[in-house]
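All chains are identified by letter, namely A, B, C and D, in their written order; residue positions are counted from 1 within each chain.
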Amino acid sequence: MALPTLVTEHWYDLRDLSNLSREILEGADKILPHGIVYVLAALIGFVASFLIFVLPSQLIVGVYGERKLIGRMQSRYGPNRVGPFGLLQPIADAIKLMQKEALTPKGADRAVMYLAPIIFVAPAVLLFAVIPFGPKMILADINPALLYFLAVSSLPVLAAFMAGWSANNKYSLFGAMRIVAMSISYEVPLVLALLGVVLFTGTTSLQEMVLWQKHFDIWIVFLQPLALAIYFIAVSAELNRTPTDIAEAESEIVAGYLTEYSGMKWGLFYGMDIGYALAASAFAATVFLGGWSMFGLDKWVPPWMIIIGKTHLFYFVFIWTRGTLPRLRIDQLMAFAWKFMLPVALLNLVLVATERMLWVEQELDDSYLYIFAVVNIWAALGAIWAWSRFLGYRPERNPVRARLVNEAGGYVPVPEAAKGGK
Amino acid sequence: MPTREWTGEEVAAAAERLVPGSVARTTAGACYLKAEKLVEAIEALRSSPDTDFVHLTNLCGVDYWDHFEVVYHLQSFVRNQICCLKIEVWDREKAVAPSVVPVFHGAWMQECEAYDLLGIRFEGHPNLHRIFLWEGYPGWPLRKDFLSMPGGLQPGLNEFAGTARRPEPATRLVQ
Amino acid sequence: MEGFGVNFAFWTLSAVTLGAAGGVVVSRNLLHAVLFLILAFIGVAGFFVLLSAEFIAMAQVIIYVGAISVLVLFAVLLTPRAGRDNGETAMALPALLLAIAVATVFIFVVNDTNWTTVAKSPELATAELGTALLSTWVLPFELASVLLTAALVGAIMLVRSREEEAEDALA
Amino acid sequence: MTDAIKTEPFVLNIGPQHPSTHGVFRIKVTVDGEKVLDAEMVMGYLHRSMEKLAEERTYTQNIPFTDRTDYLSSMANNLGYCLAVEKLAGIGVPARGDAIRVIMAELQRLASHCMAVGAFTNDTGAWQTPVMWAFREREKILDIFEMTCGARLTCNYMRIGGVAFDLPAAFEPAVRKLLRELVPFIDEMEGLLVGNEIFLARTRGVGVLTPEQATNASLSGPLLRGSGIAWDLRKADPYCGYEQYDFDIPIGYQGDSFDRFIVRIEEMRQSIKIIKQALDGLPGGPHSTQVPLALRPPQGEAYARVEGSRGELGYYLVSDDGPSPYRFHIRAPSFINLSALKEMTVGGTVADAIVVLGSIDVVVGEIDR
């Protein structure tokens, strides 16, 4: 498979910061001893990702944007006091959190309770290492990048468990139990959904996936809409976003595993929740939405702008669901993972494998990809519809309005026809 | 059509018919039942189709200095009627009334409330406890003689009688 | 194995892994022991990265850290509080002896083996690994999956309570 | 083998400080994992002994107390108390006073149901959005109260024999504008939640009460109607001239939390209908009868009730011919509706218990009084 050439090869091309950064790294590699450059790259990558991504995106767009958007959805203004349009609100919050006393309850496991926020933060930064922000703008272009992402994203669950267990609080323990149970369940459909993508593109490297999508001028979301839906639901369950935020369900178990945290220890959890959501969005944008490529637009617009835009598109959907949907119960969530998502993901996998085999074995034209896309979109809708009907989903039987009677009296029996399904 | 309020005589007639010897006396608006026949009579009034008092609307106690009355308002949805039953409890020191929780589950909390505030002990209640105040609260606040009761609350900003009082601040005479 | 970075990483990882493994044994709190075990797993994954076996490293983290240790945590939480201590047992001394014996054997084997070092790390891609698993080694692969399924079913059968069986019989 | 894997049940205190107890109320639930084995209510954190305090004050002075029991529907509380005193003293109310009372009570029901619906959806986990939407509409109703009587929450507007002041000139257009805005709001709320599968999954079949259970537990209001019993005091025992207005009683299907929700939504529609009719036929004349300030009703007793937002709100008054009530008892619907809490929560999960508590729609000021 011939992959297309990169945007430009010139280091001075300002549209693509990656050339410059790569130039510096490769130059340094020639001068310095071999090992140092890894450390240097890590440092530069950390600082760059912090400056480019974490600071503006997370603090300003993440915290401010989320609060502002949710505010508008809830018919209120959101932050509008600190700085112009309230833009400095996240910074003010951070200063407030740092000044606050970080309480540790009596009887808590102090060491574990201190370690948990730190362990929670580290993977959020590590996740961005494999996200390609441009043709060469990638910190670690490793081959099993997709597996790396899955592996690292399973670490915060441990941190959340440590936080919940160490606090010596029953609500926290509830949260810890819930998050552990849920992450095990949702890892399965998540991996199965991504497996379909790997099957089709034939690689586990994120950069190559982007190049594949660029080469064929089709995004994987069109080829595998079902995989995106499953990925989105599963990842929002792992990230504890509503409708699946049962591990910190505020109306049930106060704040779940965060109940006893305060001050900056809580702030780290809160900030990195947004960090994980952004990482998951960036990953989804890379795998499903073509990453930094955009049907040729990436020749004119800096690719890192494109992927950040796509990331925030996904992040907006996270915010949207948070502002709209109620929360599911834990048994319903589990049932949804095992009874609905797992079979549908398997179905998707079988379909994708068949198409892949047809495409490769029969040496079909590239235009067949578009046929596959149409087929898969319909198959996705059909699979969701059919499987939910099979599981007993009958929306037409739901009562919509209360019955009306004009005379007071005793019990009014429910007519047989009006008895709901499920 | 407004709810028909049964007069005392009507209720008394129905109760006497269903459970003979249960009525003590009647007034214009209420029927006084004998305490020992109360549960039986209420059960009969609830299950008999022509009375059909299925809903215990209200239960409360009243202190009349020398005795307590427990007031029950029962109503029927289908027949759209309401009646008022009462019993009298004469022993102030050991005020005991029969509990109607076996008949009406809704009496559970209302009897707890009457016990908490008036000190009427309902015999047969599964879990009679002080529902608003804490166990060991001195006296029964809704009794008319609460303020003069031994161990009752004294007017003013004092502590509860019986509990340890704050020592008076030592005042030093200015010479 | 050349270069400052690689050496530095090797020794750091060794210290972390061994320290964590020691913590598993020494720690009195069972939950702490499990957390040390997870750290040891992560250290081992680091060694795989040093050996350019990235795929195995990722699999190590996903399976051991993401799944198995979480299951261990679950098991610890579900057991009654009395059994949660990593307390003294009479088997401490025999276990120590056994550990020394195993370590001796390993050291002997490591010293005795004639290690062939490759100048350049082999470019074993994930795709080739997958192809090998599903062509040459397909029988062991399938056997392993059957074994795991049997273990899964067996585990469910073991932990089912009598009430649940009764409920299912009624349904 | 199987016994070793049993988990130990433990006690979880939901409240007194908890986001979903709607005040300082506490449920001690014994849970086995997520399953609720037992639930015990602990209350009294807000107990102010209103019934004792009222015995020391005159009949008129007691009206502000009733505001502070169910602080979300003070108008209905005022109304119930005034009706009881009027019944005790045999005082009539002019037609205009009755119509104003009806309008105010129904506006209060709308405001209270806005709160109930919003808080309930918040308990199901819809993060603040429905409750904020509901608050937006409730604010408009409170604005109207402020315009009429100067207070938003504790209105103290009803008086024995009528209402405190006549309506201001701007009242009628403001209410008509409000009603026009409320109709799409109710549809919007319904569209957000009734068709939502997650909301349905969380509320349907949760906290089911059979009609027999609901009756036997002395429940009233939307809980009783949710279980399918057509009982509304505005129809069954009309007061303030409710018999002139055309409206229906909404009832539910199987008595679960969802039914209580749709009953409340439908009641809001019916309230709008009643207010429109009352506004159209608003009679002239005085708004109140002259009642002596030191009212001394004749010796006797009276039990008057109204259909409050949370159910049958009854006042039992005993007079000893003095200027203050001899006995003042409030039949508090929130308090008595809690009788069935244990039946509804045991067997469900902790999350269900929260939803059930939200569907009862308690106001702790009224429970503890």
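List of remarks:
Here, a contact is a pair of C-beta atoms (placed from the backbone, for glycine too) under 8 Å apart; a residue touches a chain by one contact, two chains touch by 3 or more.
Since the structure is predicted, the reported quantities are computational estimates derived from the model, not experimental observations.
Greatest centre-to-centre distance from chain C is found for B, with centres as Cα means.
Chains joined by the most contact pairs: A-D. Rounded to whole angstrom, the centroid-to-centroid distance between chain B and chain C, based on C-alpha atoms, equals 68 Å.
Rounded to whole angstrom units, the spacing between the C-alpha centres of chain C and chain D is 59. Computed centre separation for the pair chain A/chain C is 28 angstrom, with centres defined by C-alpha atoms.
Taking each chain's centre as the average of its CA atoms, chain B and chain D sit 24 Å apart. Residue numbers of chain C whose C-beta contacts span two or more other chains: none are found.
For chain B, the set of residues touching two or more other chains reads 77, 80.
Residues of chain A in contact with at least two other chains: 177, 408-411. The residues of chain D lying in touch with chain B in their complex are 43-44, 47, 49, 51-52, 213, 215-220, 229-231, 233, 236-238, 300-301, 303, 305, 312, 314, 316, 318, 326-327, 329, 331, 335-336, 338-340, 368. If you check the complex, the residues on chain C that touch chain A are 2-8, 29, 31-32, 35, 38, 45, 54-55, 58-59, 61-62, 65-67, 69-71, 73-74, 77, 125-127. In the complex of the two chains, the chain A residues touching chain B come out as 408-411. Contact residues on chain D toward chain A in their complex (touch as defined above): 10, 12-13, 18-20, 33-34, 121-129, 132-133, 136, 190, 192-202, 204-205, 211, 225, 227-232, 235-236, 248-254, 258-259, 262-263, 265-266, 349-352, 354. Remark: chain A residues 70, 73-76, 170-171, 174, 177, 242-243, 245-246, 249-254, 322-332, 393, 395, 398-414, 418-420, 422 touch chain D in the complex.
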